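Both of the next two complexes hold chain A, though its partner changes from chain B to chain C.
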Partner chain A sequence: MLGAGGRSVLIALASSAVVFGSLGWLVVNSPGWPLLERSFLDAQVFRESWPRQFAAIWRNIQLFLIAELLILPFGLVIAILRSLPGPVAFPLRLLATIYTDLFRAIPGVLVIGLLGFGIPALGLPGVPREAFFWGVVALTLVYSAYVAEVYRAGIQSVHPSQVAAARSLGLTQFQALRYVVVPQAVRRVIPPLLNDFIGLQKDTALVSFIGVVEVFRQAQIDQSANFNFTPYLVTALLFVLMTIPLARLTDWLVERDRRRQLATRAFG
Partner chain B sequence: MTRDAALPQPMLRLEAIHKSFGATEVLRGIDLDVAEHEVVCLIGASGSGKSTLLRCVNRLEAIEGGRIVLHGTDITAPDVGVDAIRRRIGIVFQAFNLFPHMTVLDNVTLGPRKVLRRSRLDAERAALDLLARFGLADRAREYPDRLSGGQQQRVAIVRALAMQPELLLLDEITSALDPELVAEVLNVIRELAKAGMTMVIATHEMGFARDVANRVCFLDAGRILESGPPAEIFGAPREARTRQFLQRVVEAGRL
Partner chain C sequence: MRRGLRLTTFLTAVVFVAAACSATASPTPAPTTAPATAAPVTAAPTATPDACAPANLALKAAGKLTIGTDNPAFPPWFGGEPPANGVWQVSDPLSGLGYEGAFAYALAAKLGFTKENVVWVAVPFNNVIQPGPKDFDIDINQVSYSAERAANVDLSEGYFDNSQAVVAFAGSPIAGAKSVEDLKGYKLGAAVGTTSLAYIQNAIKPTAEASVYNTNDLAVAGLQARQIDGIVVDLSTAFYMVGAQLDNGAIVGSLPAAGTPEYFSVALNKGSTLTACVNRAIAALKTDGTLEKLRVEWIASQGNAPALAP
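Up next, the complex of A and B:
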């Protein structure tokens, strides 16, 4: 005899088999399937392309790791500038607002192209010309705008009474922000912030546009060498493998926060 | 206690304080002198202006008219630094407002370390002494959410005391507490009063006010309608509004 748990597992298995089986049958029996199979699922090309792309994806990892290290402080500075109170800080607020509006409006690939092709073309002495450098700069500028808004939401979620308590001890506006508001804000926004970083990891592929040989560029090279699209499948697989750890980490943090809040409420 | 001319210069003098929120006039000309070591209780209905008055004294709220003089210095003058004023005046809030991301010890030492520039070692030694004095020594390494409401409020008091303020403002500090936790907090205040701390206390605890105050002020619609020794205010109030208010308090079983 099966328990209720065992039975639901069986039902889940059976229903999955029916749904995915019929979907698979539909695809495999479609008129274009033989052609698609040849151009996207070539085992030989897959085997050849895999090691080259696996090597190339380290370039993407470098891109997003460096960019993330820059985005975390830079986004916070933008968020703090946008949160400064008082009429004196108006120009700073305005600048920060223009920045976040601009870099969320312009498509990332355009920012990458404008910086990566444009600035080296100026031929200024002492200014780096490497595409990789400008790729990192462009990703940092674009994603700092998003991350700044996430931080800002966190800063605004800290209750004004916390600031009142800090100021009443004699802390300056800046000290209250630094020791009381920002630490609480950052803790709260870690999950949405990591979510933005998943987006950033994918968008490292855009840097291929200015000639950085990262995984997507490598796939394009392999594709044109073989007249076969299987390398793109390899790329897709590698991106999935690359982002899943962060996605799971984000889920785990959200779940942990939820459980902590429940525990605190139960105690209070 | 009478307020005769022989009293020395008051520690705190409020002169014709006016404050509005939008079109609502919350304080309509408050005059109050507080002598050193004096405990003044502000009583009155919710919305009578007690909390706002306290928040004005340490300039968490800006006033629109009048003057606040602390030890002879006009602290409402435009050239006075608010941070310098606030480190001399402690305030404890109804909702505790502890910093939830810091341990009790860090809550208490933040001001001394960052404002008074004490070393961590000195600040922590002083904080542990204070915490021990109020029965909180074993809580120093805990986070606020692990403490009961009464403990949290006592930590908030210790946090204010750690700045060695000249004046302590208490804003309905027992209103957010479960009834059985009120006494432990009020006992702390009684002890402070005995030790000579100058305090202005907004409170709904009439028994406590009668017990601890040198002077009780009854606020009504943004004015001090009547003030005097507790025996007089609670025993023989002159104003009809005061009698009415106290009558309601008695009916609610709070006196």
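Up next, the complex of A and C:
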């Protein structure tokens, strides 16, 4: 069982141990290391900051989960509007195009500040004031523009002959879209959609701009209390722990899709 | 072979992670490079009579005193109208107006620098109090003294006694608060890294989580958006917020000192040879009444309407 494969595993292990071991030795023995260790790897600060940030990241999770649930359908609607054929749909196409152009062009933090500070300051009756609410709205608007473009790429990747075939079978334009185009389009763009989802997770930190104490702001508070950068490392670690499972899932989906396509080709 | 390769990758990753873990978890026996405690503060000027003469000082630029402050520089700390094409906004530190503007030039004069030999550099507040080398010889930016800060930068004797205050909209419920206890039930805001935020967390301890902003200006935006009930900020800045930044704003009240009274210090590079000279100059400005004169001129006089340059 443990033939050539087993031996190459052992060799790889030994070589990795040597390479990473000597790299580690070099880093730890470099002249600036004690300073770096004190500033970035303070165990005491880590222990103090971790529970606070772990609690604060719940805010980020709420932000991106609620936003993503809104983004997925909203982005699809925009993409479909942009893909509508015929002269009657021109104003809808135009609106959808302006929307995606605008919200991809404006920096996210600006949209957050504009909505989060600007709209509540108008004092309109019945309009929510909470910074968290406007954070979700801003993230939804910005990321829907990206996601709409991803969907549109998927929709355009479905060959026009499929719509022609569906129409010739008697499906209406809407039915062709609903039962033929969109299901194929969405399946094809799941990996880039997850990519945008990861981007969204990280951009929840921008909502700190309007005063929400989420994980990054908590890290800033801890950093400025101790003048030590370990809290930022804690934040980085939390984001890594959050996004890496998603990245692996994306890889797996891509791989599965590739295998399926190879399989169909082999049998077709 | 494929499987073997994948296993290899996995195991390599394990080795790597294990190595990283042991690196971070290693017992960190606090490499006590003791924060060079205040050694030069007491010792410097006695050695030679003119250790503090401009020619003998280690300066950023020879013969020039480089002073840092945040940009925009706000009244009542700074005054004057910044030149249209310059870097300074809201106020012009070069004008020598405002409490800190005037203090900076008085201090420079005591240290032996003429007005022409003072150079200003814009340094964000939160950069001033971080460890590491600085772009300035001295920084004058309402830096409150704290022991934690003094571990990273030299902080001079106080040049201004500060207190915290709460700013809100006149007529809002919080405006009726009479004590620190009365503030507990309200949503407060402050800028990150400030003694004001520390005051909220350590002295007021409100029931609603405080909102924390990048700057005081953004806290004002949060108040205007009615996302917070009140801002905790230095009293003198509170006057400026009420007078110039808010419509219908009011100072709910100044806050009692939590622990030791708060005062502003000049910030210098850690272990700077200038620190002792600056301390001596501040002491002289205190004794000759200059600081009190400046306080009456720029701070006490402002009442509810600070004079903002048009």
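Just so it is clear, the second predicted complex is superposed on the first by the 233 of 268 C-alpha atoms of A that agree within 3 Å, B and C clash if a C-alpha of one lies under 4 Å from a C-alpha of the other, contacts with A are read in each partner's own complex, and residues count from 1 in each chain.
The rule is short, and it goes like this: a contact is a pair of C-beta atoms (placed from the backbone, for glycine too) under 8 Å apart; a residue touches a chain by one contact, two chains touch by 3 or more.
Note that this is a predicted model, so its numbers are computed, not measured.
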Next item on the list: Answer with first, second, both or neither: which of chain B and chain C does A:P245 touch in the superposed model?
Entry: neither
Note to self: Going by the contact rule set out at the top, does A:P73 touch chain B (first), chain C (second), both, or neither?
What the structure shows: neither
Notebook entry, point to check: When the two structures are overlaid on chain A, which partner does A:G199 contact: first (chain B), second (chain C), both, or neither?
Noted result: neither
Checklist line | chain B versus chain C as contact partner of A:Y179, first or second or both or neither | finding: first
Next item on the list: In the three-chain superposition, say which chain, chain B or chain C, touches more residues of chain A.
Entry: C
Next item on the list: Tell me which partner A:R217 touches in the superposition: chain B (first), chain C (second), both or neither.
Entry: second
Margin query: If we overlay the two complexes on their shared chain A, which of chain B and chain C does A:L169 touch? Say first, second, both or neither.
Written below: first
Note to self: If we overlay the two complexes on their shared chain A, which of chain B and chain C does A:D42 touch? Say first, second, both or neither.
What the structure shows: second
Next item on the list: Enumerate the contact residues on chain C facing chain A in the complex.
Entry: 1, 3-5, 7-8, 11-12, 15-16, 19, 23-25, 28, 30-31, 33, 126, 129-131, 148-149, 151-152, 189, 192-193, 197-198, 209-214, 218-219, 221-222, 224-228
Check: Residues of chain A touching chain C in their complex?
Finding: 4-6, 8-9, 12-13, 16-17, 20-21, 24, 27-28, 34-35, 37-39, 41-43, 113, 116-121, 123, 129-131, 208-213, 217, 220-221, 224-227
Item checked: Residue ranges of chain B touching chain A (in the complex, touch as defined) -> 58, 60, 82-84, 86-87, 89-91, 93, 95, 97-101, 110-111, 114-115, 145-146, 159-160, 163
Next item on the list: Under the touch definition given earlier, write down the residues of chain A that touch chain B in their complex.
Entry: 161-162, 164-172, 175, 179-180, 183-184, 187, 264, 267-268
